[in-house]
Every structure is written in C-alpha cells, then in structure tokens.
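Okay, here's the structure, questions in a sec.
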Amino acid sequence: MAFFLETFIGGLMAGMLYALVALGFVLIFKASGVFNFAQGAMVLFAALAMARFAEWFPKWTGIDNAIVANVVAFVIAGAIMFAVAWVVERLVLRHLVNQEGATLLMATLGITYFLEGLGQSLFGSDIYKIDVGMPKDPMFILESVLEGGVLVSKEDLIAALIAAVLVVLLSLFFQKTGTGRALRAVADDHQAAQSIGIPLNHIWVIVWCVAGVVALVAGVIWGSKLGVQFSLATVALRALPVVILGGLTSVPGAIIGGLIIGVGEKLSEVYLGPFVGGGIEIWFAYVLALVFLLFRPQGLFGEKIIDRV
Amino acid sequence: MFYRENGQFKTSYRADQQIFPVAQDRIAVLVLVAAAFILVPLFASDYLYRAILIPLVIMSMAALGVNILVGYCGQISLGSGAFMAVGAYGAFNFFVRFPGLPLIPALILGGLCATFFGILFGLPSLRVKGLYLAVATLAAQFFSDWMFLRIKWFTNNSDSGSVSVSHLQVLGMPLESAFSKYMFCLALLAVIALLAKNLVRGAIGREWMAIRDMDVAAAVIGIRPMYAKLSAFAVSSFIIGVAGALWAFVHLSAWEPAAFSVEVSLRLLFMVIIGGLGSIMGSFFGAAFIVLLPILLNQVLPPLFSLFGLDISTAGLSHTELMIFGALIVWFLIVEPHGLAKLWSTGKQKMRVWPFPH
Amino acid sequence: QANEQFFPLLSYRTGPYAPNGTPWANGKQDYLKLINARDGGVNGVKLTFEECETGYATDRGVECYERLKSRPGVALFDPQATGITFALTEKAPVDKIPLMTLGYGLSVAQDGMAFKWNFPYMGSYWTGADILIQHIGKEAGGLDKLKGKKIALVYHDSPFGKEPIPLLQERARMHGFELQLLPVTAPGVEQKATWLQVRKDRPDYVLLWGWGVMNSTALKEAQATGYPREKMYGVWWAGAEPDVRDVGDGAKGYHALALNGYGTQSKVIQDILKHVHDKGQGTGAKDEVGSVLYTRGVIIQMLGVEAVRRAQERFGKGKVMTGEQVRWGMENLALDQKKLDALGFKDVMRPLSTSCSDHMGSTWARVHTWDGKKWNFSSDWYQADEQIIKPMVKAGADKYLSDKKMQRRETGDCQS
Amino acid sequence: MTQKKVGDVILDVKNISLRFGGVKALTDISFDVREHEIRSIIGPNGAGKSSMLNCINGVYTPSEGSITFRGKTFSHMNSRQVAEMGVARTFQNLALFKGMSVIDNIMTGRNLKIKSNLLLQALRIGPAEREEIRHREFVEHIIDFLEIQAHRKTPVGQLPYGLQKRVDLGRALAMEPQVLLLDEPMAGMNVEEKQDMSRFILDVNDEFGTTIVLIEHDMGVVMDISDRVVVLDYGKKIGDGAPDDVRANEDVIRAYLGAGH
Amino acid sequence: MDTRNIVLNVNGIEVIYNHVILVLKGVSLQLPERGIVALLGGNGAGKTTTLRAISNLLKGERGEVTKGSIELRGERIENLSPADLVKRGVVQVMEGRHCFAHLTIEENLLTGAYTRTDKAEIAANLEKVYNYFPRLKTRRTSQAAYTSGGEQQMCAIGRALMCNPSIVLLDEPSMGLAPQIVEEVFNIVKDLNGKEGTTFLLAEQNTNMALKYADYGYIMESGRIVMDGPAQELASNEDVKEFYLGVGGGERKSFKDVKSYKRRKRWLA
C-alpha cells in the first residue's frame, strides 16, 4: 500500500514536471498554430544560460552570494530568451505567415538544431550545475499510518507547485484578456488575424517570450534535477504524450495530461514492467495517450477539431 | 527557349498520361538515370559509394515511402524509424531462420512485416488526425525500440541485442564490393520508384490525395477513408521496411535498435518536407539534402575556417556545423515552403517563359 | 608518399554524450601532439590525425570511417561508441584495419582467434562485472556471503548496458545471489520508476551500468529515494568526473571501477602539460588534463602508438605501417612495468601483453570512491576471473563464428 | 424547348429533424424529388439548407426521420453508400482537393468505377492502363463540356473562385449521378457566369436526365430554371410548390424574398 | 472623377505570385474621400489580388507587388504591415469569410476591436453590429465554424466594422447571402458612408447591386482595368448592360433561355 502510494505520488510529480515542459508546447501552439518542436532545445538553451551565468557572475564581479548570482543569472537568461524570441520572429516566423503546419513544424526543427549548436558553442557542452537550493533529500509523510511512511521528493513537490502556479496564471491570461483572445485568433487563421489589424509580429514575440520564460523555469527545475547538459532537450520527448493527451490547445490540459501520464507510466513500469523485462514506461505513455485519443481525438481538453463542409 | 511544351502535341491520352509528358523532362530523367547507372560507376570511389551514394539511395527509398504516407495521404508520421526497424529485423529473422533464403525474398518479407506493423499503427489514423496523429505515431517508434531490445527472439538470442549479417548474395553473385551494393540498391530503388509513381498517378493515388486535401468531400464522392488511409500506411511502410532492411543489411551489416531511433524518423520527415510533399522527385531531393549537407559541412568548414585564418576548436566546428544545418533548413523553408521539388518546378516554369521574366 | 602515420579520430563533442566524449577525445589528440612535439613521431614517422564528429550515431560513424579509412597510412580506429563498433566489426576485416575498443565493445572479441581485427584492450564488460562482484564479495567478507543477497543492475537500455548480464547471471548462479535487472531507457533522464523499484525491493547492492547523463541522474534519484550511495557500484564508464561533478555531495560514498589511474602527477601528463598545453597547443581546457576520461584517452592513444612502434620493430623502423602491420603490432604488444615507467605511465595502468588468442592483454581494474569533491582509490587491483570468463568468451565466439559460417584462425595465421 | 417528362418520386425525405446541441437546424422536414426535375431549396441564411443536403448524403445523421431513395428507406446512410447509389453533390464552401490538378480532381469522381486492384495499378499494365484511359476520356468530355480545357493541369487551388466552382461541378458529374445536389453553385459569379452555369445545369438535366436539387440565393435563377421549390426558414418548411406559387406565398415573402420581389 | 480628395491612390501596380505568375499588369485606381467605388470583373480578373495588394496581405499568398506604387493620403504604404494599415483605418473583409473557427461569434467580433482600447466604445460598436445583423446576436455564443455560410459572412463584415475603419475594402460581400441580407449589407454600406463618412472599395460580382450603390466603378479584366466611369454611366453603357447586368438588348433574358447561344465580349484579348 505504502509503495503503491509512493509510486502514485511519484507519478503525479513526474507528471507535473512533464507538464512544465508541455506548457511551452501548448502556449505556442495555442497562440500561433505552430507545433514548436524547439521547445526542448529552448529548455536546454535557457538552462545552459542560467547555469553558466550563475557560474560566471561571481567570477566576474567577485560577489560571492549564491542567491544574488542565481537571481542575476535568471534575469539574464530571461533576457536571452527574449532575444531568442525576437530573432525567431524576425528571421523565421515572419517569413512563414500562412504556411501549413508541417512547414512550420519543420522550421522549428531547424531552430532546434540551431539552438542546440548555438547553446553548446556559447555555453559549452559539458555538464553544468544549477543550484537554486532545491532540497535533494526525501521526506516521509503518513508515517503514523503506514509503516515506513510514504516517501515524497521535496524537490519534485516544489517543482509541482511552481508548475501549478504557472498554469493558473496562463489559463487566466488566455481566457480573460483581449490579448489572449487575439492569440487564439492568430492560431486559427494568420491571414484573417492580420487583416483586422492584429500585429502578428508582436504577438509572436510575446508568445515566444512567454514560452521562453516557461522554458527557463522548466530548465531551471529540470536542470537542478538532472544537471544541465544536452540530454535536457530530450525531456521534450517525454512531454509530448502529455501535450496530446491534455489537448494541444489547453493550458489546464497540460497539467491533467501530465498527471495522467505521470501516474500511468510509473505504475505501468513498476507493476507491469517486471513481467516484460522493464523499460516500458516511455512507450506506455504514448500508448496511453493514444488510447485516450481514440475516444477524444482532440485530447481531453483540446478544442474540437472542426471539419465542416 | 529550350524547355518548351508547345509544339509537342499529344495524340492520345496514353501519351498525355506518361510520367513525363514533356520530351525534355523525359530526356533529362533518362540522362539522370543513365548517369546513376553508368556514369557514376566510372568515377566513384569506394568512399563515395559506401559513405554517400549507398546511404543516399537507401534513404531516398525510405523518404519515398514516407512521402506516400505524409505527402500523398497527409498522415504525418514520426514513426518511420520504427517501420525501418521492423523491416530490418523482420528480414533478419527470415534470413537467419530459413537458411538458404535468398536476399531478395528476405527483403520483401521484411517489407511485409513492416506493412503489417504499419497497418497496426495506422489504425488510430481512422480517428486521430493531424499533429495528434503525428505525436501518437511516436508510440510505434518507442515501442519498436523497446521490442527489439527486450524480446530476445527478434535478435536471434544475441546477448547484447545487436545483430549482424554477412555473405550476402543476389542471384548467386556476392554482394560485397561497394559497386555491387550500390547497383543493387539503385536497381531496387528504380523499380520501387516506378511502381510508386504508378500508384500515385493512378486511382489509388488520387484517393490518397483526396483524403489528404479534404476528407469529408472525399467520403461524399465514395472514397472510403479507411481503405485509403490503411492502404497508404501499408504501401508506405512496405517501402520504408524494405529500405530499413537494406540499411541494415547492405549499409550497416551489423546494427542495434539505436540505428533506427527517433532521430531517424525526424530526419525522414525532414527529407520529405524539405524535398516537397507529394512529389516522388522531391523525396530524392530531400534525401540528398539531408544526407549530403552534414557531410559536406563537415568537410568544407575546416578548410573554410582556416582560409580566413580562424582557429576554431573541433568542438566549435561541430557546433557550427549544427547551427549552419539548422539555419539552412529554415532558409530553404522560407525560400520555398513547398520544398525543393516546387523550387524545381518553378524553375522549369521560368525556363518555359524564357527569355521573358513571366 | 609522406612519412606520416595517420590516426583517424572518431569522436563526439556534441549531443547527449558530449560531456564524456570530449575529455576522452582530447586525451587522444593531446597524446599524438605530445609524441610529435617531444619525440618527433615514432622513429621519425610523424603522427597525423583528423577528427570526425559522430555524435554517437552509428550512421555518422560509418560515414566517418569510410571517409577516413582510405587515407594513406591509416593505423587503426577507435570508434568510441558501442553501436559504431558493431557496424565497423563487419567492415574492418574487409578493409584490413584494426579496431581498438578499450574497455568497451564486444566482450567476446577478447578471443583473437575469432576476432582477428578487434582489440578490446584492458577489459570488457564481462571483466568489469566480474571484478565488481569480486569486490562486493570481498567487502561482504567473502564471495560465499553473497548467498541470498540481492543485487540490482541498473543499466542503459542498449547493447552497452546489456553486455554484462550473462556474466552476472553466471556469477549469480555460482554464488546464489539474486540478480534484479532494471533497464533505463536511453539517454536516461527519467529514472523515477526505476528507483521506486529499488526502494521497494531494497537490493543489497546496485550496479550502475550507465553512460552520460544517466549516471548523474541515477545518483540523484538514489539520493531522492534515500538509497545509500555506498551500496552503489558503477562500471568504469560511470566513474569519471562528469558523472558525479554536479551531484557533488549527493554522490558521496559512491564507488565505481577505475580502469586506469589519473591525476596530473604521472610523467606522461606532466609531459603533455609541458610540451603541449604550455605551448598553447592543448586541445581542451587545461584543468581537465589528467581527469579520468582524459587519461583514458591518453592510454588509448599510447597503446595505438606503441602498436605502431611494435609493428615497426618487425616491418621496418621509420616506415609507415599499413593497417595489417599495425594489427600485428597490436596483437604482439608487450608492455611490462619497465616499459610503462619509461613511457611515463607508472601508476596509470597495469602492464599489458597481448597475443594471438588474447586480444585484451590485461584484465585488471580497481575501485575508486567519490568523496564529494574528488575520486579516491578504495581498493587494490583486481584481476577478472579467467576461469569464468574464458569459457564464456570461447562459447560466445564460437556462436558468432557459426552464425557467420566462419572459421577460427589457423595458428599459422598468427605469424602473419 | 421540348416539354420534359418528369417521372416518379426518386428521393423522398420524410420528417427529418436535426439538432446540434441546442440549435435546431432542421425540424420535421418532408419533401420529395421526382425523377428528372430541378428541385430548388431556398431560404434565409442559416435556415438549414446545407444541413438538409448533408443529411441526404450521409455527412450528418438526422436525429429523426427517414430518407427513401428509389424505394429503399434509410434512417442513416454512410457517404459511400449514398455515392454508390448515384447521388453526387457540390459544396457551398468549396471542398475541392486543393493540391491536385483539375483533371485529377475530376478523375476522383470516377474512382468508384475503377476496378483494378492495387497491384495492377502499381504495375500499370494491360487492363489497368486501359481502364485509366477509358475514364480519362470520359473526364475529358466533362472538361470540354464545362469549358475548362485551358486549365486541365493547373492545381485547383490557384484557379479563381468561379472556375473552382465549375471544377466542383465537374467532379460531381464525373460520378454520372442520378441525383445531383448543388449547394449554391452560382455564389460569387457575375451575371454572365451565372448564365453559363445555368446552361450547364440545364444541359445536364436535359441531356443526361439527371435529377437536380439546387440551393441558390439568386431568385432570378431559381425562379427561371426550377420546376418546384421548397422554402425553409429557421429549420422549418414554410413553402413548397411551383416557382410562381412560392413567389406568391405570404410567408415566403415575409421571411425571405422581401417586398422587392 | 473628383481628384482633389483622393485618399487612396493605386498607381500602375504589377503583382506576381510565386515569382512566376503575373496577375496584375499595371492596375491604377483612385479612391476619393467618402466615396464608394466598385471594382467589377469576372472570375479571375484580379479583384481580390488588387485588394490584397492594397491591404498588404499578399505576402501570405507568396505574391508581391513588383511595380507601381500605392499611396494612402500621400504616404507610400507598400511596405507597411497589415496591422499598420488597420491602425491607419484601412481594413479588408476577405473573400471566403475567414472567421476564426474556434472562437465564438462574439469573440470573433471582439477581436476585430483589437486595435482599440476604449471599452465603452467597443461595447457600443458591438451593439451597432448586432443591430445591423440581428442573426448574429442569436448565434453569438456558437463557435464560428458551426454557423452557416451566410452567418459567417455577416460575422466577417461585422468584425471589420469593429475596427472603426475609415476605409473598408470589401471583397464580394454579397456572396452566399440571401437577397434580403444582400440588400441589408449594401444599405449598411450606404449608411456608414453617409453617416460616418467611411470610404468603401467594393469588389463585387453582383454588378447590379454594386452599381446601384457605388458612385464610381472600375471594370477589370485579366489583370487590367478596361473601363471606368461614374456608376450611372457604367450602368447605362450597352456593353456593361449586356455582359455584366444581363439585360443587353432591352429585356432581361430568362436564365432558361441562355443555353443556346453564347457570345463573350473581351475588351482586350
């Protein structure tokens, strides 16, 4: 029982961590209709910037205070993500207005390669450390009820809370503000949005900035968990089933999807895995998402896919 | 001036339905094919064969398969690597379990395994569409990665899970030299490309494209979405499977599941989009672009840097290569979102009106 | 024809394994530079090299191989990746170029009678696993004490990670411990489920068979689930600085195999610093010189160079050796302690001598432990148990040969 | 013009209702269509005209009611069955296959009639090729008929709107339908083009004896060429009869025509 | 034509799609302040292209203006973004509706007011649009994709009006609308023109209506302007009557009788 709970909670938290990355996908898709494959690379890029500036800042200035260094690094990394957003809009998106989804998808893959190359050449391809003081040791809850208690990772718990806060804020932004409405309009029809005066350029910079900041937060959390190095970009692959299960266009969907995927894959790995040799969680997550899609092709909370004649 | 279709009157629909109705096109393609079969062997070196031409030919075939599914039928798939893997391991199993089974039947059986796998993972496409489907096809990718690592039977119980083949023969002739490998792959590619072209310009091809462009309207004129989609999955995964088997048998000789990772799937999708969705020719262009570009950069950059007196570390070089690769992809998409094939046909259009600009 | 011996260097400085691949590649390069700078090459033969980025991908690796293999004076290839090794194992005999896979690659390739062109110098995953079990047994107070114990293998889900399994199963049968297999999907960024299982089953020891990010992640997850790091033992690919650096104190007490010595005190490293880095010719950062993987790179390259030197002894000093000649040199290496000392490798590695039937040359390793800041040796050298490994190698090699319908080499072939 | 012979009821729509959530798109609609006639459906925007067509050819499933085609009654059919029975249609918002050429678009209309299997098509030998050419000839007739010879090989996405409408018609004609459902075929055309289109419709009706169900907002056209007219408003039927009767119907004038007509 | 108050001046523009397809071959036209100008022509004449060129929406179609100039109140606007143009009061209602499929009708209308900030004004404007199109009000909460063709057309027009434009480029506003609504739309045009002084450029197929409401008309054919003049003059021109109004030679011909003959006049071959 305790173990089941542990796995379950562990799954929930892993799910929230995926959701954090998934959120970046959802944001950009929802607001521009672009499936941004570069989200993983952005997470890596942001984390690299954060890690390196936190390391360089004390060296340059001699101020040896971890908090100051982290804050400064976070701000600089944020600014860098802003610059990335701006450049991406200028050099890529602007020239691909009104193109099909597949083309845009490929363009973001191009951006992925570019960012991976740039990130590694600016910041190095070694493994770096982000230390924002996340507690690494576990805590135990329900010790009075269950023997040995239930282990919960403090680090994951904090990360999950941050993810939840981000989701609430972003959901409000999309549903309640005029800009949010404009963003959704852009996703539906670039040209029509242009025709009524929505400045695509600004919109895209805004969205990519927000997605960049989300990537930065994800990068900091995942980076402090895993260490910052290239493989960070591959967490995007783990976040994809979350995105489609929750629905490409739904911010809250990212969280719910994350929770379902997280729990599903952990339980499957722990309880089914041993019978088939283990290592099943990654495809299990995708198959799980696929099963949900068979019932709701637009994901749990996604906007209905409309085809009308 | 040289490229004109006026003056070439078609007197029968058969003539008009040829693959290349314009005589100049026909000649150009003939020359190309002849060059591939005759001219290339005259000067190609071992390196050119083994590191460039053979991978290029095999990847072109895989891209062709992907293009049928993605470009013609509009079902974006990120699981092509898995289809290649199934083709490779399928062929491998037939090859080692039936001693004496000739290579070509083994390849075809491998392709059929991939067909079966493709249909299985194509079933969700009946309900799931677009990007949702694209992501869902990754299930096939990760499942096959797992399957070939975990299920020992597929790898003939090898401890490490890596397998190898050797002593390949085609029609009694050994397939060892680079030249023979190249010719074999090229011949297969030519046959498959021809068959594929016939399919896409025939009734079934029209069904695929109809489903791609407007599925409700397609249903109204009597096209069954299920048949169209699954047949696209079947044909496409067959071709990809054969390509996968060739990749494993002829190019790598020994392989592990990582040889068909998700990276391969992505690159295949790349090839068809850069090359041009819905164009057989485009598959070749795309494969050439994606296969050759990194190699080219890798060889051209160092002398280029030293030319400008820049001393760049080897790591820096690799990163620069990655950046240029990414940037070029974006640049090509901007220049022509519909791919190199479209660029090609625009070029032809320009030639048609030459010397006038429009 | 220029009097130059060419060393193609396959490496990966980008991608998921770059943090580990980079120091390794740097060590290889720096040693070549050292030989040229200090000794003017091997008996006057200049050593040249070219690096080719594989990104750890098999097809890129094959392309690099095909591109570089026909350069004049190619000595040997070190593919730096298990997957590439598999592909090249099929190609090298045809091209007559030897492959050196120090500490990785196919375990069965130790059998030189079956694998004429493969040289898994200094150890394979079977010897590594064997030594770990010996060490654990010793720590537990004797191998018989392992009876009834549970040992988990947390491994990179790839041929690399799966190689040690047969040996461990053999050992488990011998000593009566239970072996639990826990695969981790590459590259290994998500291991929560694995460690939850570890927490549930509480194995007495965990063997870590990882590469790249998988290692540090495993250590962090172990910390997060409260598994004692002192009970964790890594292979030598999980025992370098990049694996523990960003875990810091969290990895304190973690043990791993050390295939080689390291540090800057050895003569060869001092020479590299003096002749290469101080001249501004160093390949990577100076502070990484002497690290675990860097030193391994240096060793690999030294063995390559010595093979050339050995070949020259037979086929003509001061000449450029062909791949076949280098292969002979690799097969007839005899580096005793005296030679090693002279080369500056005192305390960096154990003596090594190869023969026609033994392409490994040395099966020694020891254990080192991370104290939160640096690695410290915590055991003496062990040698893998020949009695267990030899039959397994023989059987494996025979299966390989029969699958391929090939024959063992004749003893006469050893002279060529 | 010769008097045309209108035959028996070929399509009988009985008590069809259709709702989407709260929206009642159609309520209890019944009407019939006789062989060889031109039957128009008119009504204000959102009245449910297109939805009616969608029910007939199986894109929507009506919540109540039945449709009888040549004596066989269905409460729901799938689009394929409808197509096999010889019902073709055009769409209000163009639903052409954008990436395909004009010829290919029209050829898709022949697909139901293609018999050779996948393998034969891949090899394209003997029967498969002959079949392809036979259908191609038929399609060329349609192209001649609709006067779009010049655009044969243009991708339809690049054609101006009016020509796309023609191609849409061509694709439906290629099915050699017995009943042809036309959803606003003349929207976005000028008078001259409407005249052309009317001529096509009348020709099809005359020469092939095709029954036509027409939705159109141009009263001039509707009143001139149709034999009988159904009027819908807010999903209800408010009129049915010969053009002149409908034109005089009070309800229809109020709901749709306005005083000007 | 009154040349003193030209707000929009299109000067000999050439448009090429995809680098090779030359569509406009030197089109010039002027829009006077407070005018209603009709742009007429058959299918494929280039009306839509002209409007796109003005509102700078060509780029998304891979088209570009290669020659000539477009001036808005004396300012060259070829290089402005569509959003800049909307800020300057020029808005286009695109052919084929282009409603935001996933947004409700009301959200669609509100996005039209993106460039405006005054909440009260926006609310008032919304009310005004609902007054013009009561049908929209009843469907306000339904997603645009699920409304009928005509409803979408109203939505598109209403959305453009929410920008509070001074110049509206209407591309085939009457397409797919019931006759009553068509009349309605033209009345709205007249109304806005009269009351608020909005200038209109109408690309239309419904020549009858267009000429009834416009002050001035241009007739296009294969990418060229072939005739222009005050609306009444055009309406009484014999050729126009015959080929665009369908009343050549006196009586309106029944659509039933057109089938036997066909003659087409082209001003330029």
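Lettered A, B, C, D and E in written order, each chain numbered from 1.
Everything that follows uses one rule, which is that a residue touches a chain if its C-beta (ideal position, glycine included) is under 8 Å from a C-beta of that chain, and two chains touch if they have at least 3 such contacts.
For reference, the UniProt names are A, B = Branched-chain amino acid ABC transporter permease; D, E = ABC transporter ATP-binding protein.
These figures come from a predicted structure and were not determined experimentally.
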item	value
Any chain that touches chain E and chain C	A, B
Fewest hops from chain A to chain E - one hop per pair of touching chains	1
Geometric centre: closest chain by C-alpha means	B
Chain of greatest Cα-centre distance to chain A	D
Centroid spacing, where centroids are CA-atom means, of chain A and chain B in whole angstrom	32
Distance between the centres, which are taken as Cα means, of chain E and chain B, whole angstrom	46
Rounded Å distance, chain D centre to chain E centre (Cα mean)	29
Overlap residues in chain C, where contacts from two or more other chains coincide	13-14, 18, 22, 157, 183, 185
Touching two or more other chains - residue numbers and ranges from chain D	59, 91-93, 95
Residues of chain E engaged with two or more neighbouring chains	21, 146
For the chain E and chain A complex, residues of the former touching the latter	55, 57, 59-61, 81-87, 91-94, 98-103, 107-108, 110-112, 114-115, 143, 145-146, 156, 159-160, 162-163
Of all residues in chain E, those that touch chain B in their complex	16, 18-22, 62
Complex contact set, residues of chain B against chain A	70, 76, 124, 127-132, 134-136, 138-139, 142-143, 145-146, 149-151, 214-217, 220, 262, 266, 269-270, 273-274, 277, 315-316, 319-330, 333-334, 337-338
Footprint of chain B on chain D - complex, ascending	57-59, 78-80, 82-84, 88-89, 91, 95-100, 104, 107-112, 114, 116, 118, 121-124, 128-129, 132-133, 136-137, 140, 171-172, 175
Interface residues, chain C side, partner chain B - complex	11, 13-14, 18, 22, 25, 29, 51-53, 55, 57-60, 62-63, 65-67, 69-70, 82-83, 86-87, 89-91, 94, 106, 157-160, 162-163, 165-166, 183, 185-186, 283-284, 396, 403-405
